[in-house]
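Some structures to go through are shown next.
First chain A sits with chain B, and in the next complex the same chain sits with chain C.
Our next item is the complex of A and B:
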């Protein structure tokens, strides 16, 4: 095959047993790769109602058809599983050298099931796959694990994806990291921990072949130029933290657990401030001409020596959302999250919720084991990260995520637990972004900016962001399907503005690389098919319309400040937009798939609960 | 009339300026403002404001008083308006 390696590696850690399944060509065209492949395989290989930590749950790593070629940003992979945080589909993307190595080892997808008897790591050395003892890796951080695995294999070039201590402890928002990049959201790291799998090391020596290399070279040269032009300048120079000042100006910067939408100290936590005071170098993922990864270091003060890369979402969650305006503390907090292997968004949102509970007197220092959890107290942020990542003391509850933690603490704290379907929300105050609010509510993996990008029509002024309208249903649907294509081709979203005609150009590239003829309509339909299959999985696992909701605060407490003052999403507005979205999707009014839609998309979901 | 221009993202980075006040003719429109702006900050051209047309590049828009995004260069401005040079890409 071209583009694809044509092989799925199945790993059963319980037996242990390995097998290779040929990649069906029909799967390629219908599900493309990445998230498309892994969603289909998750649906097929995980029995209904499987507990996320049961050995029957699958952890699926899937590359895209462009990985291993010269296509810019093509070295990405998805990690998909039944999420322990939400109970629904959990998919998250990472990328860089590990992805490329998986392709070179000869695989498009790795499906991991079962549970190893002891802490282990998987070594994929081309066709030779082994499970190795990992007791020596126990309780090591992610960077330490990468180093120790390479030492164990006596090969510095081996690529490693691993979990940290939080994954071992099954913190429900633990992540999986490789090459300083992270499949951050929905708790894939906890599932990996439940399987006693500490790391997957890969060494590959094969070649990814391309159907028409000359055309690909020509096309990529043009794309590389565009990727270094104005379309990506923001990411290359200031990085995503430049969002802080823009979102603050339009009152969309969630602050102090979403009690405000502007932060009085925004300048001190801005991308501009970061660039001037803390950025030491800017690095790129494998095969990426953009280079958005801004590595920051603390030079002096109590957190001197802390170093990590900072993105907007981490900055929002552990900065303004916790009332923190001391940048070195944010760097330290992000560094700890990266070492322990926990998602920064979930972590920051949980800590902000703790702080509000504390300030409202719902919990005391006795509850927090001595931590004075006030907004702005950066020492408290650091202490709480240690506690939750190790599931120590109060951290035992916090490691369950904000939804379950608020249910345990009760006392009305559920009102300000900021999540959708159990997934903590990213940094856009959706009360003043009505399209985004719908996108967050219906997202299959829970509250998320990466699965629809529905904030863009609001922020760019394509629509009136303060007004809920029926038209938003179709906008969100199109946006979700668009993202499914990007996540299935497994390319970076920061490349999206480099195309003059997204679908036409990508359908052409797909054919050039794989040799498989793919029309624009077929590509679009693949996006729709993947969106529908995610939904079918969720319905099978118990989804109802009530799950497409928003945090109570977003629906009851109007924004108190800034130019979005007074904005809120009412129940009527959400209902109206949900109806419109389900209608646009061709689903029933209760949000269930219809037989007609299933047949149209050749979905083949053999489960009664998913279809009305 | 006096118009305040706020610069964000790359616009601020390139000009090293957060905010400036411009004096424009009374019936000025957005095109007049863009003309004055690129004369003062030619480094915006090709990055934030497009050559020749003075439209914003596709990652930017003009925002009037924080509430209204526009690319309509014929839009009439009003005394004391705040015009934001505003990046429209999110993501993080």
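Our next item is the complex of A and C:
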């Protein structure tokens, strides 16, 4: 095969047993790769109503057909599982050298099921797969684990994806990281921990062949040039933290647990401030011509020596959302999250919720085990991260995510628990971004900016962001399908503006790389198919229309400040947009898949989500 | 003929590995970093800033690799200055001495052809694949004289930066001169230790 390696590796940790399944060609065209492959395999291999921590739950790592080639940003993989945080499909992307190594080892997909008897790690050495003892890795951070595994295998070049202490302790928003990159959201790390799997080390020597290499090289050289132009300027110069001042200006920067939408100290946590004071260098993922990874270091003060990569979402969650304007503390907090292996967005949103509970007197220092959890107290942020990542004391409850934690604490704290389907929200105040609000509400994995780019028409002014309209249903649908294609090919979203006509160009690239003829319509339909299958999985696991909702605060408390003052999303507005979205999708009014749609997409599932 | 080679500016290199893939595509019509004649190296020490650099054959005038090659499979092409590998029966025996003794780790073993491969500057093409592809223009084809000039101008820039910084902070002339001396000294040290 061209592009693909043509092999799926199945690992059963319980037995332990390994087997290789040839990649069915029909799967390639219909589901492309990455998220498409892993959604289909999750659906087929996980029995309905499986508990996320049951050995039958699968943890699926899937690369795309462009990985291993010189296509810009093609080295990405998806991590898909039934999420312990939401109970629905959990998919998250990471990338870089590990992805490339999996491809070189000769696999498109790795499906991990079962549970190892003791803490173990998997070593995939081309065709030779072994399970090795990982007791010596217990309680080690992610960077330490990467180094120790390399030492254990006596090879500096081995690539490692691993979990930290939080994954071992099954913190519900624990993540899986490799080479400074993280599959951050929806708690894949907790599932990996539940399987007693500490790491997956990979070493590969195989070659990736493409159908038409001359054409591919020419096309890639052109894209590399475009990737140095205005299409990616934001990511290259300031990185995503350039959002801080932009969003603050338009009153979309959630501050102090979404009590405000502007932050009075935004300048001090801006991308501009970061570049001037903390960026030590900017590096790229494997095969990426953009290079957005801004490595930041603290030079002096109480957090001197802290160093990690900073992105906007981490910055929002652990900065303005917790009332923090001391940049070194944000770097320290992110570094801790990266070491423990927890999602920075979830972590920041949970801490902000704790702080509001504390300030409103719903909890006291007795509850927090002595932490004075006030907005702006960065010491409290650091202490709470330690507690929740280790599930120590009050951290035991916090490790369940903001939805379950607020249900436990009660006293009305659910009102300001900022999540959709249990997944904590990223840093865009959707009260003043109504297309995005619909996108967040319907997202299969819960509140998320990566599964639909629905905020783009709002922010660019293409639509009136303060108004809810029927037309937003179609916008959100198209945006979700578009993202499904990016996640399945799997390429980085930061490359999206480098194309004049996304579907036409990518369908052409797909054929150049794989040799499989794919029309623009077929590519578009694959996006729709993958979106629908994610939904079918959720329906199978008990989804109802009530799950497509928004946090109570977003629907009850209008934005109090800035140019978005007074904006809120009413129940009527959300209902109207939901109806429009389901209609655009060709689903029933209750949001269920119709027989007609399933036949049209050859989905092979029934309306209750069972395989036909 | 002026001796030229591929040089990487670590200040510009982001460690994307595209040079390796472009080299593999040009030379072997497929993608495998192990086929590449140039090697992207990333040092991530967790405390220091991450170092990215790409290393390949420097076309030394009196190359160690040629000297240590027992079967005499390596030789210098008199016209181009390139190190040529004899892949024939009595040629390269995969011992790897050349790779071990090279200061830049440039000669590497081709995993399928089982011979040592070395950069040939894509001498038969219009431009080397790696310099053409490098998205950050970190790679260039340079002669030794150009490199020295580049180093000198970098030193000058450093001094200028320190000088203006000193002026902004109204540091005394004495201190300014001291700083310049330190910069020069540390640079000289860096330079000599890299040799």
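Methods note: the second predicted complex is superposed on the first by the 605 of 612 C-alpha atoms of A that agree within 3 Å, B and C clash if a C-alpha of one lies under 4 Å from a C-alpha of the other, contacts with A are read in each partner's own complex, and residues count from 1 in each chain.
Note that in this section contacts are C-beta pairs under 8 Å (C-beta built on N, C-alpha and C of every residue); 3 or more make two chains touch, one makes a residue touch a chain.
As the structure is a computational prediction, the values presented were derived from the model and not from experiment.
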Joint occupancy of chain A by chain B and chain C, clash or fit: fit
First (chain B), second (chain C), both or neither touched by A:575: neither
First, second, both or neither for A:295, with chain B first and chain C second: second
First (chain B), second (chain C), both or neither touched by A:453: first
Touched partner set for A:372, first chain B, second chain C, both or neither: neither
Touched partner set for A:242, first chain B, second chain C, both or neither: first
Which of chain B and chain C A:602 touches, first, second, both or neither: neither
Chain B versus chain C as contact partner of A:127, first or second or both or neither: neither
Touching partner for A:221 - first (chain B), second (chain C), both, neither: second
After superposition on chain A, the shortest CA separation from chain B to chain C (Å): 17
Touching residues (chain side chain C, partner chain A) in the complex: 14-18, 21-22, 25-26, 28-35, 42, 44, 46-47, 49-50, 52, 111-112, 132-133, 135-136
Of chain A, residues touching chain C in the complex: 68-70, 72, 97, 100, 104, 143, 180, 205-210, 213, 216-217, 220-221, 224-225, 227-228, 280-291, 295, 297, 305, 307
Residues on chain B engaged by chain A in the complex (per definition of touch): 6, 8-10, 12-13, 46-48, 57-59, 61, 63, 65-70, 84, 86-92
Residue ranges of chain A in contact with chain B within the complex: 230-231, 233-234, 237-238, 240-243, 245-246, 249-251, 272, 275, 311-316, 426-428, 449-450, 453, 455-456, 459-461, 493-494, 497, 563
